[in-house]
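Next up: the structures, one after another.
Here come two complexes built around chain A, the first alongside chain B, the second alongside chain C.
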Partner chain A sequence: MAVKIGVLIKNVPDTNTKIQLKGDAIDEGDIKYVINPYDEFAIEEAVKTKEAWTKAGQTVEVVGVCLGPTTASKSLRDAFAVGVDRGVHILDNEKKAIDPRSVSQALAKVCQEENFNLIFAGKQAVDTDSHSVATMVAERLKMPHMAVISKCEFSGTESVQVERDIEGGIKEVYKIKLPALLTANKGLNKMRLASLPGIRAASKKEIKEVPLSDIKAGYKVSGWGLPPERGKVKMIEGEPPAQAAELVKRLHEEAKVV
Partner chain B sequence: MKIFILAEHKNGNLKKATLELLGASKGADVAAVIFGAGAKAAADELAKQGVQTVHWVKDAKFNEYHPEAYAKTAEDLIKAQKPAFVLGSASSLGKDLIPKLAARFDAPVATDCIELSLEPLKVRKPFFSGKAAAAIQFESAETIFISVRPNSLPAGSVSGTPGKVNELTPSFDFSGSPIQFVSRTQASSDRPDLTEASIIVSGGRSLKTKENFKILFDLADSIGAAVGASRAAVDEGLAGHDMQVGQTGKTVNPSLYVAFGISGAIQHLAGMRTSKVIVAINKDPNAPLFQKADYGIVGDLFVLAPLLNQEFKKLLNKA
Partner chain C sequence: MVALQVSTALVLIVSMAVFLSNFGKILQIFAFGKSRNRLTNLGSRISIFVREVFFHRKLMRQPIPGAIHFFIFWGFVTLTLGTTEWIYYGLTGGHHFDFIPDRFYGLFCLSQDVFNFIVFAVVAAAFYRRIFIKPARMADNSKKSKWDAYFILSLIWGLNITNLLAHSVLIHNGVDPFSKYQPVASALSGLWSAAGTLNENIYFVFWWAHLGIVLFFLNFLPFSKHFHVILAAPNVFLSKTEPRGQLSKLNLEDESVTTFGAQKVTDLSWKNLMDSYSCTECGRCNEFCPTASTGKDLRPKSLMINMRAAITEKGPTLLSLLEKNGSIVADEKALAALTEDQRRIYNKELVPDIFSDQTIWDCTTCGACVEACPVMIDHVDSIVDMRRALVLNKGSNPDEATNAFRNWETASNPWGINESSRQENLIEKGVPQYQADADFEFLYYIGCAGSFDDRNKKVVESVVKILQTAGIKFGILGKEERCNGETARRLGNEYLGQQMIKANKEILEKYKVRKILTSCPHCFNTLKNEYPEFGGHYEVIHHSEYISELIADGRVKPESEKMQSVTYHDSCYIGRYNNIYDAPRDIIKAVTKEAPIEMARSKEQGFCCGAGGGRMWLEEKTGSRINVNRAQEVIDSKAKTVCTACPFCMTMLTDGMKSKEREDIKVKDIAEIVAEAL
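This part shows the complex of A and B:
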């Protein structure tokens, strides 16, 4: 029987993007979209795992699952170029699913239908920064999960040992029976570059578009703001010993942070 | 109003981030859960700060995080209490457990919030790595789940009336769970965690070698700070992955962030822009970080870091 690996992939603004407001909304004008950086680690791990399992005689398929407007399918194509086999795109052109409760519902429904043996996702998307959706998908699927992992070693298709990064540079090691969902941290791997044959093959791979299921929102955004501008920087002049003394004095007396 | 708090301790001491949640719950009817055999002092402290019922899970099997065991324990307590809000910190624990519980209750959830007041309800959460923030309007629900970024709210207490500690022994079948805790790589150090530190000194590629980072560690230890790094420093092996601040590293929120030889790329700012005071030290007067800093010194970090260490020591010895 074939083994199926799912990867949750989100199309997000490039991290170099400057965010600006247009009226009450985010100005979408100049935003360039890319694969969420943490999802790159998830994609790479899925493809690597497929390679290892295939070598061991399994038939393995890697399926990308993406929710977003029509243009978000570009992330699936980019993932195809590095080895993802096919995609499911939950179409949401009206941006109805914007919070973790609704997005996790829609993704969980597709994952349920696909019946994955293993799911990878990034630990968070760098636009909504919720660090929630993947964990919530696992919970809705009643699948064990482990988040923020920087290492994983499989014992066949039965179980996986992972290292999870927590505060203070500590790593916790867990062993998990599959099926399971794992979310990737930086340090897990680096996504390979697409090869020319990979890019050529990508255009022929299948994307199945599905409508957004009935979802319940958890919240809506009732107003956007940009972070407050800081006052002009105060440059501290002089010779180094005097500069050091002056800075510490200012931090103590003026800024009152030490 | 009823509130349930996911409390945390480090080496037995109640975390400041938890006190920040208590401050936000002032005057409410608050219950909390805290896990681990070593949490007695922290549990007592919660009761002293006015948490009416502190559920202390004393069983040593709960010393290490286990998503299913922790979630089941909290779920049962929440079902019994029926709080309007479940609050946690946006820490390793809260980032995992708050959304997991929200899904279990199919409830609204907003995470890593930087503003929170409960009556009337006002919540703001950063988006796009802090390049914008949004006011959150929840759909009505029996219980709403919220996690708060450490250092965003003032620490406080719930009330002057002390509560009680209830020793709890949840039944959870650890050996039958598909998740088994194996080990942890090291004990918690006494240095503050980056995500909760109130002072951070941080170094970039310009430190050149791993050994050179010692000048930053020395400085940090003099003032009780944590040490961070840019991605360039991490990728070149000068600093550990866990020290990276920024887009693909940690989001930090200290009162003081001192950057040594960090250019100030947009992805680095993503991790530290909410710092209350930012100091940039860079030999290039055109380094972009000077545009985002409160104080700046143009100079050589190798000269300035030891001098600053001396000056801080002088100040702290006086105090």
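This part shows the complex of A and C:
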């Protein structure tokens, strides 16, 4: 019987993006969307696991699941290029599902239907930083889960031993039975670069678009605001001793803090 | 005399047959490589040939070995005429070239006699060099290679001695009417003075010995590094005539092509394969190579030797495949029919089976090896082809390169800094946006380093100051500028590189740009030499050339309270790749009123800073650091300032000076010293 691995993939603004507002909404103009960096680790681990299991004689399929507007499918295509086999795209052009409760609900529904043996996700999405969607999906699926892992070793398709980093450089080691959901931390791996045949194949892989199911929102965003502008910076030039003297002078006379 | 004719003909036929069969096999192996047209630009081919083969331009950079080789080469050419006569003598049963008028035949005899002596003498010098001087560049040659050299030198001696002795016998017997044209053979005839008239057979002993050595020599060549005797001249003639800085363009649109670059040895071009066979193992390539000089895996000479070994090992398997299946590409059935050993050889890939990953990623593409090679081997292009196979077929490259690729994809610059901050400093200063219909003299294409790197932003500001002082009207692209793809291509990511070229070209077309100024040699080289193949034709000028012109025309008058002791570090991509050596030096001269101090390794033989070929973005994990090696040379030159004309050289040398704790030596762009003197 075929083994199915699911990967939750979110399309997020590139981390270097400078978010700007246009009226009451975020200005989408200059934003470049990419795969959520933590989801990259999830994708890589899913593909690696597929490779290992395939070598051991299993038939394995890796399915990417993504929620977002039409443009979000780019992240599924990018995931296809590095080895994800097909995708399910929950279409949400009106951006109705933005809070963990509703997102996890929609994702869980698809995961339920797909009946995955194993699910990988990033530990957090770098846009909303809620850290909670993936584990909420697991709870909804009544699936054991382990968050923030930095290493995982499978014993066949039965169980997995994972390491997770906790405070003080300590590693917790768990052994859990599959099916399970694991969320990836930095350090788990590094996503491979897509080969050109991979990129070509990606355009031919299947994306199943599904409508957003009835969801219950946990919260609504009532407004956006930008952090206050950073004050003007004055650069003090010259040799270090002169710079230091000038700095003290200015702190004393202009800033009046010393 | 019929016996002589028959035996000469037989010996000749057998040895030529064996030679042609072996040589033919090698040519067939070359043909297994990818196609590459090397018959265009006949004019420049002829001029390269004359310069490098007839005049030994590159070899003469080292005058003593250069002169030794020069005389051996021309001796060989001259003596080959004698060999033709030798064979003619055998085939005609005892006729010399008696159809030549006596006057000229006498000169012919003189040339043979004298060159036999000269070659004998310079071969002695070559022996001396190899045995007693032991040139460092050949110290790492294998034992086989060293004995190969001694053996070949001995054979040449054998040729000279048997030739002269054969003639001396005739002279002694008084049957050579041209003896007065043969001073050396005449002197040698003194050897026989005690004997009476010598038996004719003694002459034939030497005659046969000479012919035997000639034919043995010919047949030994294909198995020796001295194969260059045959291949070097054609290899020079067939060398790359396109700009050196132009990488081959891969066709990525053709869906039927599924592997890219050089994954297996047969994916290299036939010329790369011929290069490997033409290599003389002289080691000039290693001398100025930044990786060979800092103890890294990559040594260009070894690259060629190993490439030759790889194709030689694979040759028989490929030939048998060709014979059985009519193709060297084996399907499963053909593969199954091979022996296990043949299959293993067939499946070998260039990386990692022949070369380590590290070796291929070490290269800075500085082109010092290509510049040094007397037989015009192109090492760099084959390395980039191997990188292409790794990146495009397997997605395999150093992690740091992946980061850079991602950054280019998302932000069109290797740092990954948001595009909206590109050239912010210049826009704030009021540098105008380039407009298609305004009367701008040119577009100043800033490049990523000048747009995002703080140190290099200052260089750009200096260029702007100079241009403004001279009253030049120019514009910039500001936030719309895109990276041009140069570095991604040299890191083997042809796919990303071509995407970037396309995007960048669209912007340049949108603004109808015709003339471009750059202060980055990498931008300069790709826009000038590579964009035409992609349909982008511009007049491209490097700031060193432009500023030196402004100074020469008196539009900019740098006047400094005498700046002193300045040296200049040549950037590979304007130097070796585009032959701009004088303009930056002229600028330094205009500012300091004295010629720059020259470092030991400069101009054509300049030493790379370590950043080219995308190495700027990779960590240098093996050997000693290239930039520190160069920094030491700057320190040794006693200069107080080192000038650069490249943003990456700037970064690398600045870091190098820091590592050496010699920040008292300033690293400045040539534009900065001019701007400071305005």
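We adopt the following convention: the second predicted complex is superposed on the first by the 228 of 258 C-alpha atoms of A that agree within 3 Å, B and C clash if a C-alpha of one lies under 4 Å from a C-alpha of the other, contacts with A are read in each partner's own complex, and residues count from 1 in each chain.
Keep in mind that, in the parts below, a residue touches a chain if its C-beta (ideal position, glycine included) is under 8 Å from a C-beta of that chain, and two chains touch if they have at least 3 such contacts.
Owing to the predicted nature of the structure, the values given are computational and were not obtained by experimental measurement.
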{"item": "Chain B versus chain C as contact partner of A:R192, first or second or both or neither", "value": "second"}
{"item": "Greater chain A contact set [chain C / chain B]", "value": "B"}
{"item": "Touched partner set for A:V82, first chain B, second chain C, both or neither", "value": "second"}
{"item": "Touching partner for A:D30 - first (chain B), second (chain C), both, neither", "value": "second"}
{"item": "Which of chain B and chain C A:D127 touches, first, second, both or neither", "value": "first"}
{"item": "Partner chain(s) touched by A:W53 [first = chain B, second = chain C, both, neither]", "value": "neither"}
{"item": "First (chain B), second (chain C), both or neither touched by A:E167", "value": "first"}
{"item": "Touched partner set for A:K18, first chain B, second chain C, both or neither", "value": "both"}
{"item": "First, second, both or neither for A:R200, with chain B first and chain C second", "value": "second"}
{"item": "Common ground on chain A, meaning residues reached by chain C in one complex and by chain B in the other", "value": "16-18"}
{"item": "Chain B - residues contacting chain A, complex", "value": "64-65, 67-68, 71, 90-92, 95-96, 98-100, 102-104, 106-112, 124, 126-139, 141, 177-189, 191, 193-196, 199, 223, 240-244, 247-249, 255-256, 266-267, 270, 273-274, 276-280, 290-300, 303-304, 307-308, 310-312, 314-315"}
{"item": "Residues on chain A engaged by chain C in the complex (per definition of touch)", "value": "14, 16-18, 30, 32, 34, 82, 190-200"}
{"item": "Footprint of chain B on chain A - complex, ascending", "value": "13, 15-19, 21, 26, 37-38, 99-101, 104, 126-133, 135-140, 144-148, 150, 161, 163, 165-177, 180, 185-187, 216-227, 230-231, 233-236, 240-241, 243-245, 247-248, 250-252, 255, 257-258"}
{"item": "Residues of chain C touching chain A in the complex", "value": "252, 255, 258-260, 391-397, 399, 401-402, 405, 410-411, 416-421, 495"}
